[in-house]
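Shared chain: subunit A. Partners: subunit B in the first complex, subunit C in the second.
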Partner chain A sequence: MAEAPHLRFEGVTKRFKGPRRRSPPVLALDGVSFTLPPGRTLGLVGPDAAGKTTLMRIMAGLVEPDEGTVEVLGDPVAQIDRSQVGYMPQGGGLYAELSVRQNLELYARLRGIEPEESPERIAQLYRLTGLAGFENRPSGQLSGGMRQKLAMACAVVAAPRLMLLDEPSVGVDPVSRREIWQLAQELAGAGSSIVWTTSILDDAERCDELLLLHEGKVHYAGPPGGLAQRAAGRTYSRALGTARPRDAVQALLEQPEIVTAGIAGDRVHAVTRAAVPPGPDWQVAKPDADDGFAVSLDTGVVLPPSALAAAFPVRSADPAVPAIAAIGLSRRYGSFTAVQDISFSVSPGEIFGLLGPNGAGKSTTFRMLCGLLAPSGGRGTVAGRDLTVARAQAREALGYMPQKFSLYGDLTVAANLKFVAGAYGLSGSRAAEAIERVVGALGLEGYFASAAGALPLGTRQRLALGAAVLHTPPVLFLDEPTSGVDPLIRREFWHHINAIAARGTAVLVTTHFMNEAENCDRLMLINQSEAIAQGTPAELRRLARGMAGEPTLEEAFITLIRSQREEAAA
Partner chain B sequence: MRGAWTRIIAMALKELKVVLLDRRVLTTLVASPIIQLILFGFATTLEVRNIDIGVVNRDIGVASEQFLAAMAGNRNMREIRFYPSEAALRDAIEEREVIAGLLIPPDLSAHYARRETAEMGLLLDGRRINAAQIVAGYMADIAHEAGGRMRPELAHPEPEVVARHWYNPNLEYRWFTLPGMITLITTVIVLSVSVQAIAREREFGTYDELMALPMRHWEILAGKCVPAFCVGLFNGMLYVVMIPLVSDVPFNGSLLLMLPAIAAFSLAITGIGLAISTVSQNQQQAFLGGFLVIVPLMLLSGYASPVDGMPGWLQVVAGIDPLSHMLTISHALFLKGLPASAILPQIAPIMAVALAALALALGLMRLRHD
Partner chain C sequence: MSQRDPLAARRARAIRAKEWAQIWLDPSTFGLVVLMPLILMFLFGSAVTLDVHGTRTGVVDMDHTRASRELVNNLARNSYFAVREGQSVAELEAGLKSGELRGIVVIPDGFEHGLVRLEPLDIQLITDGSQVNTATFLTGHLRGALKEWVEAEARELDIPVTPVLKILPRYTYNPGLESRYMLVPGAIGIVMAMIGSLLTALIMAREYERGTMEGLLATPISIPTLVISKLLPYYALGLASTAICVAVAVWGYGLPFRGSILALFMIASAFLAAVLGQGLLISAGTKNQFVSTQFALLSGFLPSLLLSGFLFEIDSMPRAIQWLTYIVPARYLIPSLQSVFLVGDVWKLFLPNIAILLLFGLFFFLRVTKAIRRRIA
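Moving on to the complex of A and B:
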């Protein structure tokens, strides 16, 4: 007899209470049906607030659906055998103060496994995750990639037949992302199946099946290739030529016939609304899942010119005078060097990207340049002001969007923006104007009176961006601004960032998305606290070319990092 | 300078919203002080009432009868229990059935009859030292009174001291405790709000964003003072108004003097709370830090035990404690109605503590940053 499907959903509907009293209930899932055969990997994708996490929680038996049938491993979900299902919640659910070993052993015991009785399994988990040697480190002090690996190990310590992984690759660099994917495959025994939610369609393309959710409804179910096919005949590319990459993309994004556009290597890539090329020199290109996603969720609304950027004064500062300069920046913690002698400069109107694996020293560099951390050596300037002597003046000149949402979750959107406006010295009508502009430009009107902590992730990121640009600063620092948000919001973000840079603002950005890195004017690759490469995206690709044909930026990234690691090991 | 004002006001408004939005915090801030005022005001009294006393009476004469009658008539006495032997009495004290035991010797009446000085034994429960001492005082009074009645010719052989208690003519304990409660409860509430101010930001990870804003440390601190200060001022003044309304304690002083005193006091406690908050990583640590200072602050204030009874060096330390000055001011204004010339010298040291604590908080904040 064939094994029952590992998951079977039929007409599953779930409503949540509205955010306020008397507001209508929110329909989180609306008649979701699908089947997952044993041994398959299901990628769950969709924009923010699509219902992905609710769906995961129903599979894990944590939330009861209002209507419909849910069968997990052939039985109704009410009779779920929890030792057979490993659930990794978003963020991992680790105890930050406990060590790696304590976390792992705690979860093992919670799942009915005595670590002493199954030393092989524990040893195997340490080996596969690469956490051997870090057993006594508190999990809060691990790098993002390692933390996700540990969280996954904790979820699957009992070798479950069904693994539910909610956003395992959020905020993780491309190298670690590949390792995490590999890890999931290795941890899943033969015949186990995996459900993997993600906003990164690169990950999704590795799955056997995809489920695209939007507003609680299934918009696509099938193999990843099928999703890409949705954009077939509507995906075009052309040689970049001499144009600056981000100018070419920016011009395309505002055209009514274009769904989305981006850079891939030395070509511009665009998806159109009709099967008509955007111009005479465009050639038909092979669509990928990203393109299919964009087509499936396209609302037909044309991106208006960025109102956020329109308020920035046109700054025509001397491009020879750097807006941001790092001169031999170093930071040591005792005997540990987090950042070693990093130097670069960013001109006004330039977008400079810092790339590198988690824990490489990007954020430390960033924090020193924002004046959050005093350098142990070297110095930094922002808008011509030295951070060591004129920290407060330097801060007035910069807008900062931290990696982690750092606004006040208890306060409303309005109260948060009022506070930040006041903190930048805007008062009365100037503050009101700035707030109105940002709220309008980022589509936050509907959330004005909601608590910031209760917003969907993408909306929260929009609010954080809005707070960083309220005072139209000449220098903008964005630390992983698009981490965890879906491709459509990422497109919107970069549309704003490009427009702001075009008015003469210098932008320093960190990202783990290589297609975003392509959009930067220049990049610096940091690994193991040192700068290992600096240049335009094309130059970085060229650096890695010696190793393999025509590398993409991601391949270049991985090659450059591996070669430095090998050098360090030798 | 206008920029600084804008930033401080933004900070203050944000802090007020954070405190006022949390419904639980709000309940704690408004309802609990009132409940505390009522409960503590009536519970903390040094008068000992409802005394149970054990008696082993070996005398069968008139003297013991007279004495026991006088004892039974005392308003603080609840029950007199008789025990057959000293051993039984010892057990009763041991079991806390009675707080004191009276041993009446067999020859009491005989001594009385012979017009000699008679003696009785009094056993006291030393574990309850305060109450026991007070009971001993009552017993001495009763003995004196009963003796006088039995032998009027011996009563008051020397001039009697006639005590008149100024400012509290009937020696009502409430008159001491209720004005004192203003100081204690304001301290607890203000401290619990102010210790959270910076620790909360650290715990929620919002401190980074704050440090990236162009705010000077002193501006952040100034803004963060506002909620705790307002809560202290509001609660303190609420008590001043409430106490004469709900009890018979009069308010003889000037509200215009009480207001600056409470303001200075709230600022001092806010400063102490903020200094603790700057060194706390999370709200839990902040609360523990608050407890760490609140107990010595209260013990040294003179509310529980008089400052005059402390060793000299400790009296100097108590002189720094803002609670001791606030307690003095509160009693002076409620019961005596003293003028500004007497109150201002008490406000000055409170202000000095406020400035020192805020300077310390600022210094710690700068130190922690680098």
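Moving on to the complex of A and C:
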């Protein structure tokens, strides 16, 4: 007899209580049906609040469905054999203060493995995760990529037949992301199956099967190629020529025929609703899962010109005077150097991207330029104000969206915005206007009275962006603004960011998405505390050309990082 | 899952090891377990006292006889009073008004005359009615002092004292009638109630807040195993705090310890089962450390302080409030603790109390396992 499917869902529906007493229940899953045969990898994709995590929790036996049948490893989910299911919750479920070893041994024992009795399994996990040598480090002090690897090791320590991984590659740089994917494949025993949720379609394309969820419904189920195929005949590209990449994209996104657009190398890539995009020289291009995703979820809405940017005054500052300047910035913690001698400058109206692996020093650089951290060496200026002598004035001139959500989770959206407005000196009618504008531009009206902590991730990020631009600053700092959010919200974010920059605001941004990096005017690649390359996306690609043919920006990123690591090792 | 889990012991040990590691890494646990008992014991043992010493009292002697002078001197020697003599009530009244004096004792003209004739004695006491407690204490103390003095005087003069007036209190187990003897065992109960519920109030909420609960629940561990394993380290810490309190009581405040360690251990364990369970339930219910702490203080500390009979006698409370005291675990602890210190092992008192406390513990434990279930909202 053939092995039963590892997962079988039939007509699964789940409702949650509404956010307020009187509000109707929220339909998280609506008649979800699918089957996962043994030994396959299922990619679970979908926009924010699509029901992905609820679906995962049902598979892990942590949430009971209201209706429908769920079978896990051939048995009804009520009789789930937890020793055969390895579940990695979103965020990892690690104890930050406990060491790598303590975390791993706790989960090993909970899953029935005594580390002393199975030293070879534990050794194998350390080897595959690359955590050997870090056994005694508290897990909270690992870089994002290593933390995710540890979390995965903890989830699958007992070599389960079903691995459930909720967002294992969120907030992780391209190098680590590849390693994490590799790790999952290596850890999965023969015949084990994997469910992998992600908002990154690149990851999803490597899966055997894809399940696209949207508003609790299955919008696509099948191989990744089939999803890409949905955009077949509607995907075009053309050479960028002399146009600035982001201007080309921005112009396309506001066209009614266009579903989505982006940069790929020296070409601009567009998915249309019907006809060929306006303008000459368009060639039919091969669609990818991202395109299929955009087509599947297309509601026909055309992105209106950014109302968020419209409030920014048009600033025509002298482009020769940098809006942001880092001059030999360094930061040391005892004997550890987090940032070593970093210099760059950003002109008004320019978008400057900081790229680099987790823990390379991007956020530290950011925090120094925001005046949140005093540099150990060098200096920084923001809007012409020196951070060492005029920190308060410099801070007034900037808007900052931190990597971690830093507003008050138990306050409402309205109260948070009022607070931020007050903190930036906006009061009375000016504050009310600014809040109204931001709320309207970012579609937060429906959430005005909701607690910020209860918002879906993408909405929470919108709120954080709104809070950073309430006072229309001449300098904007965005630290991984799109981490964990789906491609549709990413597109919307960059639409705003581009429009704000077009008004003369200088933008400094970090990202792990290379298609976002393509949208920046200039980039700096930081690795192991040092700047290893600086230039336009095209220049960075050219730097890596000798090593990897005609590389994409992601390949260039990986090549440049690896070559520096090899140099450092040698 | 009804079948027995052969790896349950291993899983339980893993959770216990994790809890100990977290306790070890968290400096606030030390503060809660060691410093807090010391501070609270110091406060209740030294700073809070229900005894009145050196109450500033004015005395007006209108009799000017040997007997009246003797009474004035007697009062002056009594440590309860700090006597200031005046020639008239009018002279001392200002002191009473300003709060400098707590009361004025007036010995009437003809006091000695009446005394030898066995006529009823009228000694006036003027007190500050706005300080009701002090006034009551003063009245009581004066009455006692007078009685003692009258008896001594009567013996000296060989006058029989009317037996109906004779009240001879014998302050059993607390011969010095020091409130400390009653307060310190009660304070131990309060400290245990507070630490017990605070210790566990945080631990479940912390798991939920940090998202680690999801990871734990997805493993094969059973909920009762999880709850008990999480509880045990905190039970040990609770016992350690109790030991610190008892040590302070005996060596710091010189309380007698007339019962046995075994009885103390059993009483303390039963009580900890109740309060740790209470904290755990709060923690699992709120899933939020801040709310949980507030709630633990409100529902653990305050009722223990007010409704356990520690500060206020339960018998003198309104009937409705008296009923309420039956659901305060400390009510069943404090009398037993007082006995263990001051009387000895009174198993007839201990056993029912222990049984009730264990029932509390069981109730909370069942509620906690029910509240957790395998659900993530």
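FYI, the second predicted complex is superposed on the first by the 567 of 570 C-alpha atoms of A that agree within 3 Å, B and C clash if a C-alpha of one lies under 4 Å from a C-alpha of the other, contacts with A are read in each partner's own complex, and residues count from 1 in each chain.
Methods note: a residue touches a chain if its C-beta (ideal position, glycine included) is under 8 Å from a C-beta of that chain, and two chains touch if they have at least 3 such contacts.
What you are looking at is a predicted structure, and each value in this text was computed from that prediction instead of being measured.
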| item | value |
| --- | --- |
| Clash or fit (per the criteria above) of subunit B with subunit C on subunit A | clash |
| Which of subunit B and subunit C A:E97 touches, first, second, both or neither | second |
| Touching partner for A:Y236 - first (subunit B), second (subunit C), both, neither | neither |
| Which superposed partner A:L62 touches (first subunit B, second subunit C, both, neither) | second |
| Partner chain in contact with A:V85 - subunit B first, subunit C second, else both or neither | second |
| First (subunit B), second (subunit C), both or neither touched by A:F366 | neither |
| Which of subunit B and subunit C A:R395 touches, first, second, both or neither | first |
| Contacts of A:C154 with subunit B and subunit C, given as first, second, both or neither | second |
| Clash with subunit C (superposed arrangement) - responsible stretch of subunit B out of 57-65, 111-119 or 147-155 | 147-155 |
| Partner subunit B, residues of subunit A touching it in the complex | 367, 370-372, 374, 392-393, 395-396, 398, 400, 402, 404, 406-411, 415, 418-427, 477 |
| Of all residues in subunit C, those that touch subunit A in their complex | 7, 10-11, 13-15, 17-18, 21-22, 25-26, 210-212, 214-221, 374-377 |
| Complex interface listing, subunit A residues touching subunit C | 16, 57, 60-64, 81-83, 85, 87-98, 102, 105-112, 114, 154-155 |
| Subunit B residues within the subunit A interface of the complex | 2-3, 6-7, 9-11, 13-14, 17-18, 21-22, 204-206, 208-209, 211-216, 369-370 |
